[in-house]
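Next come two complexes built around chain A: one with chain B, the other with chain C.
Take a look at the complex of A and B:
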């Protein structure tokens, strides 16, 4: 059994930063990721530790949102692991079956660990902002459908 | 019983070629792309993902195309595909409290924190065919979505409080909290171990999530019509996006691996109370991939009905019989067994034919004997 992260043990700073950017890489569409980040990895020769591999993650949910856990169904996930020329290991896990996406995420994970925190943060902030904007746009459209129903007085009560 | 047959390869090949041709239809009409199915037949894609038990809109679209729109066939294709992939592990339980809801309604409270948000819905449409959709979009001149003035822009809160939480605080509804030690106990998984009865709620919910929409709809309906009545109210229905967290072995800490769209339904049901418990409301839960509202509602009704034993209710109706419900809800299993009747049963049928002939001959012989005896007596 691999050592799993325990909720009450705080993550070190590097892990926290990786946690954030790995999530952003997974959620950013490949085209946008390439547009912003492809340059960062283009000049490096990476060693493939695990070529992009497609698999499944069983999604867990809870009854009533907060109760009994159950297995809701699986989702496709692609993962990849690389080593940068300077020896940093990078991992990518992305929903779906896009092998390029997983590979780019893994390479970026390795490269970003070698950047200064402020350099990495700047890049991640850009991608993260784009994600938030897209989510906001979607939600704003829904916000126009907010409704106030009036309760009619029933005939026999009047 | 089915006995294997040989031969027919050529005819089978030709039949499949013919199927491909029929699927393609009139070549004068442009071929349907899987991206068009994914974008324009979203509810079909969502049903295939939910009942195929695999979240991947592109794959579901491909399956629908390959199945020529036969959704159960598409679900079958998805189930078969999933067996070819390795399982990386289990996600952390979805944090639905952080759902970015695009639709959120409650039929129990008019004023809920975060508001009633209709989102994209068929509700309140007049169910009149819109012949304008027969025309191409440019001929039709689709109006763009109204742009809002800044005064109208109201952000939906990222995490809307759950409607039932309010009732829960007042103790008027049972709590939705994991049982003692439950979070450390193993969660049942019907894809790994065969189902046994009685089944726990984790197994029931997993089975219902992938269960056939039509079957669960009919069962849910039956409870409303009085076969195991549960007095349901749609406490909350939500459709929106949630992030999925997973702990890769090599990292040892949780990361977000993507975002999925889900539908949730929380039913509020009456419970009269018992010798030890004051009357309070109970819950039924439904969940599915994508926008699958009818399914989530039906599932929530059936989930609640299947809790009959737990809540000390008499099991009198089909929707309360877990062995009946869980054993017949899977449309891939069901279609496999029903449709296998099409396969050659020649040997089996021959033996039945022989048997029926013998039985008939025996009856005839007995009758002849009787007639002879009567004649002899006369």
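Take a look at the complex of A and C:
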């Protein structure tokens, strides 16, 4: 299908919340995702609309964030789509080759659309907090070995 | 907002997309090279209401984002469009002239094959392929097919057959090497009448 860029149309609130949780599911390691969410999807019988499949996507970038777009390189992505018993479609896209991760993300996407916003947000906040915590830990760990370089003014040329 | 049911239920395609498509491709190739023969196609797991397994398998296999599909007004429903869009990525077009594939109901009183692309002298492959849904491919024979891919003759009965359909296909044959290709689909499979086939109404 020809690409349609609808950047002028802001996403509605439902779409924004869905966008957020899809990102969180993709970034949360599979083990953590299973630990927190496995029981949410366990009781449902899902139809596999698209069994997990791996492919490549072209990552595009802009130099300095403002330059013209260029192809930065390809990355492996695994995707999956499911239908819940009540007919909701869930999509999962994750970086890498982990098919179980994509499948769980798709199932969770379907389940979360059927929850109330507060229920869904509570779950996502937990996962999101864990993600930021991990990021902070990583930063702190690297901060201890940080080296500040000072440039001395060389006076011997004068 | 608690969502209990979606507006449009997306349905499953082939159980095994790769092998389902490969099997279907091989079967359609056979049907096209032996006009008048009924060839069975694999069935998808689920399909939208009102479309046969064979027509669904055909489109799942051959349609992609480069092949606009024209749908019969009776079939141009949201669920059909969502199904084809999700599984094939093919755009749905309202303009017959833009269509590479078209899905029609053979039972209609006014089945018009006009306006579909017949290709150009430089690119005869840009013609449209029409999938016409019928109830049976093994009705009492009403036409005799001869031509490439048919050793002697092939007697064909399509039921029910819209009035004027065969006359239109005879005119279409006269355009060769241009012209549309037609695939009849029914629960039992598909039967192809490509543009090269000569038709004689009995």
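Please note the rule applied: the second predicted complex is superposed on the first by the 139 of 158 C-alpha atoms of A that agree within 3 Å, B and C clash if a C-alpha of one lies under 4 Å from a C-alpha of the other, contacts with A are read in each partner's own complex, and residues count from 1 in each chain.
The rule we apply is simple: a residue touches a chain if its C-beta (ideal position, glycine included) is under 8 Å from a C-beta of that chain, and two chains touch if they have at least 3 such contacts.
Not measured: the values here are computed from a predicted model.
Novice: Just from the overlay, do chain B and chain C fit on chain A, or is there a clash?
Specialist: Chain B and chain C fit side by side in the superposed model.
Novice: Considering only the touch criterion stated at the top, classify A:18 as touching first (chain B), second (chain C), both, or neither.
Specialist: The answer is first: A:18 touches chain B but not chain C.
Novice: Does chain B (first) or chain C (second) touch A:71, or do both, or does neither?
Specialist: Only chain B is touched by A:71; chain C is not.
Novice: Taking the superposition as given, does A:87 touch the first partner, chain B, the second, chain C, both, or neither?
Specialist: Second partner only, chain C.
Novice: Looking at the overlay, does A:143 come into contact with chain B only (first), chain C only (second), both, or neither?
Specialist: Once the two structures are laid over each other on A, A:143 reaches chain B alone.
Novice: Which partner chains sit in contact with A:117 here, chain B, chain C, both or neither? Use first/second/both/neither.
Specialist: After superposing on A, A:117 lies in contact with chain C but is clear of chain B.
Novice: Once both structures sit on chain A, report the angle chain B, chain A, chain C from C-alpha centres, rounded to the nearest 10 degrees.
Specialist: 90
Novice: Between chain B and chain C, which makes contact with more of the residues in chain A?
Specialist: B
Novice: For A:55, decide between first (touching chain B), second (touching chain C), both and neither.
Specialist: first
Novice: So, A:96: does it touch chain B (first), chain C (second), both, or neither?
Specialist: In the superposition, A:96 contacts chain B only.
Novice: In the superposition described above, what is the shortest C-alpha distance between chain B and chain C in Å? Please give a whole number.
Specialist: Superposition on chain A places chain B and chain C at a least C-alpha distance of 7 Å.
Novice: Go through chain A and flag every residue that touches chain B in one model and chain C in the other.
Specialist: Residues 2, 81 of chain A touch both chain B and chain C.
Novice: Please output the residues of chain C touching chain A within their complex, sorted ascending.
Specialist: 1-6, 9-13, 17, 46, 65, 85-86, 89-91
Novice: Help me check something: in the complex, which residues belonging to chain A touch chain B?
Specialist: Per the touch definition, chain A meets chain B at residues 2-5, 11, 15, 18-19, 22-23, 26-27, 53-77, 79, 81, 91, 93-97, 135-136, 138-149, 151.
Novice: Can you list the chain B residues touching chain A in their complex?
Specialist: Residue list for chain B touching chain A: 49-50, 53-56, 58-59, 82, 85-94, 96-97, 100-103, 110, 115-121, 145-146, 148, 152-156, 162, 164, 175-179, 182-183, 187-191, 201-203, 205-206, 209-210, 241, 243-244, 246-260, 262, 264, 266, 283, 285, 287, 289, 303.
Novice: Could you pull out which chain A residues touch chain C in their complex?
Specialist: Interface residues on the chain A side: 1-2, 14, 47-51, 81, 83, 86-89, 113-117.
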